[in-house]
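Heads up, there are several structures right after this.
Shared chain: subunit A. Partners: subunit B in the first complex, subunit C in the second.
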Partner chain A sequence: MEKRIRVLVAKPGLDGHDRGAKVVARALRDAGFEVIYTGLRQTPEQIAEAALEEDVNVVAMSLLSGAHNTLFPKVVNLLKDKELENVLILGGGVIPDTDIPALKQAGVAEIFTPGTSTAAIVEFIKANVK
Partner chain B sequence: MDIVQELLAGSRLALARAITAVENEYDEAAEIMQKVYPFTGKAQVIGITGPPGAGKSTLTDKLAKEYRRQEKTVGIVAVDPTSPFYGGAILGDRIRMNELTLDPGVFIRSMGTRGSLGGLARKTVDVIKIMDAFGKDIIFIETVGVGQSEVDVIKASDTIVVVLVPGQGDDIQAIKAGILEIGDIFAINKADYDGVERLNTELEMMLELNPNNALWRPLVKRTVASRGDGVEDLMQAINEHVEYLVTSGELIRRRSIRTKNELLLLINDHISKQVMDRISLGGELDSLVNSIEDHQQTPYNIVRNILAEILR
Partner chain C sequence: MDDQSLRAKLAEYTAKVEKTIAKRPERKNLEHNRLYTPLDLEDLDYERDLGFPGDYPYTRGVQPTMYRGRFWTMRQYAGFATAEESNRRYRYLLDQGQTGLSCAFDLPTQIGYDSDDGISEGEVGKVGVAIDSLADMELLFAGIDLGKVSTSMTINAPAAVLLAMYIAVAEKQGVSADKLNGTIQNDILKEYAARGTYIFPPKPSMRLITNIFEYCSKNVPQWNTISISGYHIREAGSTAAQEIAFTIADGIAYVDAAIKAGLNVDDFAGRLSFFWNAHNNVLEEVAKFRASRRVWAKVMKERFGACNPKSLMLRVHTQTAGSMLTAQQPENNIVRVALQTVAAVLGGTQSLHTNSKDEALALPTEDAVRVALRTQQIVAYESGLADVVDPLAGSYYIEALTNKIEQECWDYINKIDEMGGAVVAIEKGYIQREIQESAYKWQMDVENKKRIIVGVNQFQIKEKPPEGLLKVDAAVGEMQKQKLAKLRANRDNAALKTKLEVLERAAKDETENLMPAILDAVKAYGTLGEICGVLRNVFGEYQAHVSL
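This part shows the complex of A and B:
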């Protein structure tokens, strides 16, 4: 058997930087994961559909624009609609501590704020992927 | 309903999971392929190959949109190399195909080459078959045109489009080995760059000298994929090639060769897997090697014994 953990790395929202997402993508590749990278400005619908087609184990989203409170839960719900409830959903970016409990409540498994080491993200995925 | 019934009924989730089963070599993969097989053979398979950055994904995106305009459904298998050091991969072809994602008539799947020696070709063939059974009219397979295993992958296509870029200096020389011989159509992409005429002339000269081109003289087309220029023309060329395949009987011949190769690959794969499973057990491989080194056995009688045992 030749299983690989597959991760969709996606940038929802309108901000135009994906340097952070690319660093994470490379770290995940170096950890032996298959990273499907879709680029900038993805809508929640695009993210959910790509997750389905690629049959990923993890969806990792990063966002700098501050729209996380609407976009992250929207992706969670769309994934549920597509019967992808086993997908581990991660969020990253500039996210105030006060927003984190509600996001987790909504179904985001973990939030990684700036300064988190990529190793911590890799570890989290390995420990929690279904 | 089992997964094959579901995918035949149109479930995209079942399609995605069936592909994973094949890719990960799950136990149920053989069963899935067995059930899918009777529903295959209808799709038109188009291979897109060429060096990294040539514009293969951009071109595939634009071609897919042309076919969608004609109400054909489209499947895309995009293969990218797995890192030999880490075993992981960054699969970035979807970046150029985001506008297709929400079209329910398009299904895109990215694959890493992973580690399997030769196994990649078999897996991509199976993925194509699953998409074919699902009902896709047109299936694109995109792969980087380097190395024998990639060439093996692209040979599953009815029509092979080789994408080249002008102004690379060593263009023709660099890619001569392997993909020039297999191209049915050459797309000179990035035709907005300098050096188009030169590349075009070099290509035509090469094609002139190729003795395989008696029946089908490969077509050379210019495209600017990022702007969509020349894409309709390229599709026209693909259609012409398909027409040639059908009217000349070449399609039947090619598919028959493919069926034969697939059968041989499958036999090969299954036998070597059984042998490996058998001799990897409890470190037997090492003791066999020792017995050869100690002159107690030869590799030849070991192989004979193992095969006799397995094929009994």
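This part shows the complex of A and C:
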């Protein structure tokens, strides 16, 4: 049997809005992935550590506070430090279009903004996970 | 027409409908009945269930004249970047005819960290203004007479500290605490359940809240000591009935805690206030507001034996539903907010914040905020909706829906009572799971197109990238750090140390009211992080229940 795709859904920073993270986590689980949800207020270090320990294929971060330009690239770099280059890194939340190119440049594979369907996220993961 | 002939007529109508829909099917997935008639209100007793505005059970509103006396308070939630920047926005809003202030604090402030704390990195000034000490608070309200304005502060876990700062600023302006008007949110239970800016575990958090009730009843008598909030529960995905049910259950827990701490219910209950969401389904929302007033009045009278009419009234601030704004075709949000405003006004709110069209994308620009404020002004001055008290009363649908939501609310309250109250229900994750279920169902309904969101899953267009969004200056974090370094170097650190030691001793003694010690530490320019740090050491931190 093929190994199931493992996804870490993470809430970096101090933002408490987790409706989106929880809905996405559940939709990914319903789509057949193994999902681990970190809960709120995770530092980039905690997220990278969890990604390593849980041996995940995907780290999906949700942030609605505006701290994404600081925190997403930090997580990307920490994952690199742990030699987790193959992990697919995704971001979601209230993220202005103008911030997206720099985030992708930093190593976030895709940014999902408000209105995205969970089906689109599932498809993206299936098509891009290494 | 008597009931019997009405029933016969209804049967005729139903038969006709069935024939019609056999040929032309109706739209699917509608939540409410097709039609409501006097038969739906057979048990309605005007005096018992509705009464007159300003009279028990307050279904028709908490004041006798409602908006014929004066309109609701138009209060736009605002704050970002530094205290200086936010002060400019507040003065602009007051110039534009806004009638009350509403402060948004950044996340480090809401969670009791200073701007120079490592954990604050990237968050300083983002979702609200950064307040590290009394010095920032002085700048925030510079040139605004705190004796004349009413101020609402969205602050929960460190509410006691921010309230103390407000009292201290007022004192410097020569305004005594008994003249102050405003609200602190101070509602920790919904932070655990839905919003996430908690610090301490439930027990010391409930103590801080009852300490504030007690302190204010003696010293700041016009202050609303809590805003028991359904808004964020709804934003997290609950239904209308769940929003008021979980919130009133939280309210019961606060009243219980205060009575257990030895307070007399009528000494503090009149200063409790509520906070509802104005969502998209206009008439359902109106029914929700009406049902909530009736439930709370009964709770306070029958359960807690409150006698003062003020203790029985559910006074409410409202905000339009942020989660219903779309990033797609953002201009459409102006219409959504207008409809939500109609719901709040027909529901009888005491104050209102209207969201701006660009808030699914960023914090609002000044222009967008002005349109949102104008929306309230148009509803108030032009629409006629505010001219008659509770104009929808007596509508078969509205009254039936009010009854239905009330019943759903009691069912939840009874269930939560059986579990041991709201604190236990939250610790067990019950309330969180109920909200998550509803949120997931909503999302699936949107994805399956059972629920249409204009511009999102139907009527889409190719979008142009949005322009002119507000961007918070990335230098804010650095500016706050510098201000803090200066503050720490220039204040009397020895005097502060003594104040913090007094606070620590007070925190360890459960019988002490913490407010005086917090006020002293604030006046000695102790920072929010230092004061909360002392309390963190004594109280510990809340560990969230994580469930999917």
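FYI, the second predicted complex is superposed on the first by the 128 of 130 C-alpha atoms of A that agree within 3 Å, B and C clash if a C-alpha of one lies under 4 Å from a C-alpha of the other, contacts with A are read in each partner's own complex, and residues count from 1 in each chain.
Everything below uses one rule, namely that a contact is a pair of C-beta atoms (placed from the backbone, for glycine too) under 8 Å apart; a residue touches a chain by one contact, two chains touch by 3 or more.
If you're wondering where the values come from, they're calculated on a predicted model, not measured in any experiment.
Asker: Is A:V129 touching the first partner subunit B, the second partner subunit C, both, or neither of them?
Answerer: Neither partner.
Asker: After superposition on the shared chain, which partner residues are touched by A:A106: those of subunit B (first), subunit C (second), both, or neither?
Answerer: After superposition on chain A, A:A106 lies in contact with neither partner.
Asker: Return first, second, both or neither, reflecting whether A:Q42 touches subunit B, subunit C, both chains, or no partner chain.
Answerer: In the superposition, A:Q42 contacts subunit B only.
Asker: With both complexes overlaid on chain A, does A:A25 touch subunit B (first), subunit C (second), both or neither?
Answerer: Both partners.
Asker: Check whether A:K82 is in contact with subunit B, with subunit C, with both or with neither, and answer first, second, both or neither.
Answerer: The first partner, subunit B, only.
Asker: Thinking of the overlay built on chain A, is A:R4 touched by subunit B (first), by subunit C (second), by both, or by neither?
Answerer: Touch partner of A:R4: subunit B, not subunit C.
Asker: Regarding the shared-chain residue A:L52, is it in contact with subunit B (first), subunit C (second), both, or neither?
Answerer: The answer is first: A:L52 touches subunit B but not subunit C.
Asker: Which partner does A:E34 contact after superposing on A: first (subunit B), second (subunit C), both, neither?
Answerer: first
Asker: Which positions of subunit A sit in both the subunit B and the subunit C interface?
Answerer: In subunit A, residues 25-26, 29, 35, 37-39, 43 are touched by subunit B and also by subunit C.
Asker: Over in the complex, which subunit A residues touch subunit B? Could you list them?
Answerer: 1-4, 25-26, 28-39, 42-43, 45-46, 49-50, 52-55, 82-84
Asker: For subunit A, which residues count as touching subunit C in their complex?
Answerer: Contact set of subunit A toward subunit C: 13-19, 22-23, 25-27, 29, 35, 37-41, 43, 65-67, 69-71, 94, 96-98, 113-115, 117-119.
Asker: Could you please specify the touching residues of subunit B with respect to subunit A in the complex?
Answerer: Counting only subunit B, the residues touching subunit A are 12-13, 16-17, 19-20, 23-26, 82-83, 86-92, 94-95, 98, 101-102, 107-110, 112, 114-116, 119.
Asker: Which residues of subunit C touch subunit A once you look at their complex with the stated criterion?
Answerer: Going through subunit C, the ones touching subunit A are 107-108, 110-111, 113, 119-123, 126-127, 191, 195-197, 235-237, 323, 326-328, 360-363, 436, 439-440, 443, 446-447, 456-457, 465-466, 469, 471-472, 474, 544, 546, 548.
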